């Protein structure tokens, strides 16, 4: 069967009334879930799983997939509007997206996020359709040493994220790494840094830390300002991006799509790292990197495209290898098995209607999402006009409920309060939270893969340089490090020279 | 007092006693009057949660009250265990107990928050699952005996993937190591998914994997299956011998789920719940859905579950002891 | 050495403190060797690194004498908003979702600039109702709604 026959089949399947309906339900629900802080696609999909038993496998899978990638659209909304990352991949969007919102440019930020995500989703779906099996082989080639080297690359980008003191950013990264080590040690089963709290045995939850440090801390910081009662300028600009915005965004969107499509294939690494890498790349490439963190639209366009592309391509290892890249993917896998479908390289040939129907419906879903989200931009911006004294209790309540629903335990809510205080203190001391979060996400994987690689090589550290992919990554990490240090040395030298002259 | 008074008093007492029993009986007969919480020790998604929801839904219909699934993941199942052990023994809180956390944890950890045999009352056994010993095709063996021979020829060279300390994946491999007297290095991963990926990529060579995570790969040739670990052969892989058939009598590694209630729950309530569970498991659509997850229905009553728990605690203690793994 | 940079000195000291806690707690776990790292290896290493970085921050602050006074912190929003979250955690499983939300809104509003009962009460009611509808009814999440 040629690719056109397959796509035709896909369209036939995806455009039936039932499948369209469930696609619509899925993406709408997903967007809504993504907007709510804390609540994520994982909980939703598991709640809805039994309902899908009564549907055909195709319709059920279409709906669940819709929820999944719809959530990343919704997550960017909250990130931009209220500086709350709903998922790890939206953290970066908070940086410039929220800054834009404060300047009255929430509309363009949201619109570009939606458009970039749509473009990325389309391209990534095409990649999924055309290259799924060979790309799956790529996922297998990434073993423990490769993951470690990849994490190292990611880590160096963390320090590059901030624009304050390098020492303090590094300290935040290390603190993030430390927080990531709380929990059960994989190799020995020992409980680390859990202080006797059973809920910490499985580690801290990213969402809890993010909601505390970004959400609660932000609210407290805002409330402090006695003078300006309103957080967002009342002069809200145009809802749609200007021509200039579009011109500035198209290249980041392309780059973000490329990064995300590639990273999403690697189970576990995926969406978070893609958005961070895209942000760094844009900051590096921009002619005026000082704008980043203050409302540079490239900082929204790139990462949003990256994380949506990664969300789509993360289906590749799940469908073709049966290896889920994340908890949510594991759920999808579970759903597939319950439907009686065995994921694997044969799934394309054994269930072509399911596979191609899903692929085409992803494209349709992305389309529905952009059609849905663009008009919503107006509504969200209106919402920002709510007086802050009524907005912030709502955010607090949503965060509390969201934190609770993660594991049905109030411990998470208490932890969120703790991180709220910590986050507030750190912001006051001018330490940025974003590097901490990245350290938190990357740390455990880095350590795990480091120790595992050492076990595999029976204690021989050369394993990292003898494996070709790992070597390539380590070299990139070194280059990245050099790129980071050299300009700052040069700046200091320039400062010293100019001071000497004056 | 006269004899007549005694008789009147006696009759009065008997009447009072009868009323009490009747009332209690009605209360129990009326059970359940409000929704029942089913505490699941894992995060939503995955085999356990699916079983809980599938069976719970079917039971809700027959009991006339909703069974509400509450996920309380964490601490290898201990959080859920504690929640149920501390709940009121009135039948409105149930635990979906997983074999590892009930029967392996007591021997893995020095301090356990709940004494499984004292603080919990078994209600019903639901499903059980067996595991399959797979190797990467590059290892070039097709029977357990050949694998053991290869391991003996190159000691310390083979790696096996485990899903973490105390998981059936870990226990199965340790059992093989101590019974066959071979040496393999454990490489731990977070769960069965990453473990199977690593064997596929030949990062590790051996795995005692669950059916759902290995079956499709066995079928397409990315993994080679050597034996299954249950008491009987699996219908999905009928040509595969069991470990016992391969020369290791008593080598049984299975995991199971069952319902448990807080100790002290009245027996009639337990019986009612158990009957509802058994009825749910007998339904065709429930059977199909559960079997699709790679698990087998193994319906059993409270007594059967109790003896299974006792047996397994002893068995895993011995396995861990033999493997030299001490509780910490 | 000039002590103008109170802010960075505090930041550095905070990191030193956290790092020390980490080293002390994780020092109890088996350390292992570089070839065979134990569970304590990474946390102790990270804790140590944090101490070093913290010390470096303090040193730099004292050395350059940049002017950076301690930031002003108004305690009321911090305490009350944090309290409102803790109130939620405390009330949710004992008294239910509705009382918990009501209390949280009340307490967090105290942390703001203006407190008008005629705004706070309807807001609390609205949020409670919306949450019940969205999370409990709509998504089917289990919640104790209301119990004294």
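Chains here go by letter, A, B and C, matching the order in which they are written, and residues are numbered from 1 within each.
Just so it is clear, contacts are C-beta pairs under 8 Å (C-beta built on N, C-alpha and C of every residue); 3 or more make two chains touch, one makes a residue touch a chain.
All figures in this text were calculated on a predicted structure; none of them were measured in a lab.
If touching chains are joined by edges, the resulting network of the protein chains shown connects every chain directly with every other.
Between A-B and B-C, more C-beta contact pairs are found at A-B.
Centre-to-centre spacing of chain A and chain C amounts to 22 Å, using the average Cα coordinate of each chain. Taking the mean of the C-alpha atoms as each chain's centre, chain A and chain B sit 35 Å apart. Rounded to whole angstrom units, the spacing between the C-alpha centres of chain B and chain C is 38.
Looking at chain A, one finds that residues 43, 47, 187-188, 190, 408, 455 touch two or more other chains. Looking at chain B, one finds that residues 70 touch two or more other chains. Those residues of chain C in touch with two or more other chains are numbered 142. The touching residues of chain B, counted against chain A in their complex, run 43-47, 49-50, 53-54, 57, 70-76, 78-79, 82, 108, 113, 159, 164-166, 185, 187-190, 193-194, 196-198, 200-201, 203-204, 212-213, 215-217, 219-220, 289, 292-294, 328.
Those residues of chain A lying in contact with chain C across their complex are 36, 39, 43-44, 47, 165, 167-168, 170-171, 174-175, 177-178, 181, 185, 187-188, 190, 192-193, 195, 216, 219-220, 223-224, 226, 229, 389-390, 392-394, 396-401, 404-405, 408, 410-411, 413-414, 416-417, 420-421, 424-426, 428-431, 447, 450-451, 454-455, 459.
Across the complex, chain B is touched by residues 42-43, 45-47, 49-50, 53, 140-141, 143-144, 184, 186-190, 198-199, 201-202, 267-268, 321-324, 327-328, 330-331, 333-334, 337-340, 342-346, 407-409, 448, 452, 455-456, 458 of chain A. Taken in their complex, chain C has these residues touching chain A: 7-8, 10-11, 14-15, 18-19, 22, 25-26, 29-30, 35-40, 42-43, 46-47, 49-50, 53-54, 56-57, 60, 68, 71, 73-74, 77-78, 81-82, 84-86, 88-90, 92-93, 97, 100-101, 104-105, 108-109, 111-114, 119, 123-124, 127, 131, 134-135, 139-142. Of all residues in chain C, those touching chain B in their complex are 142.
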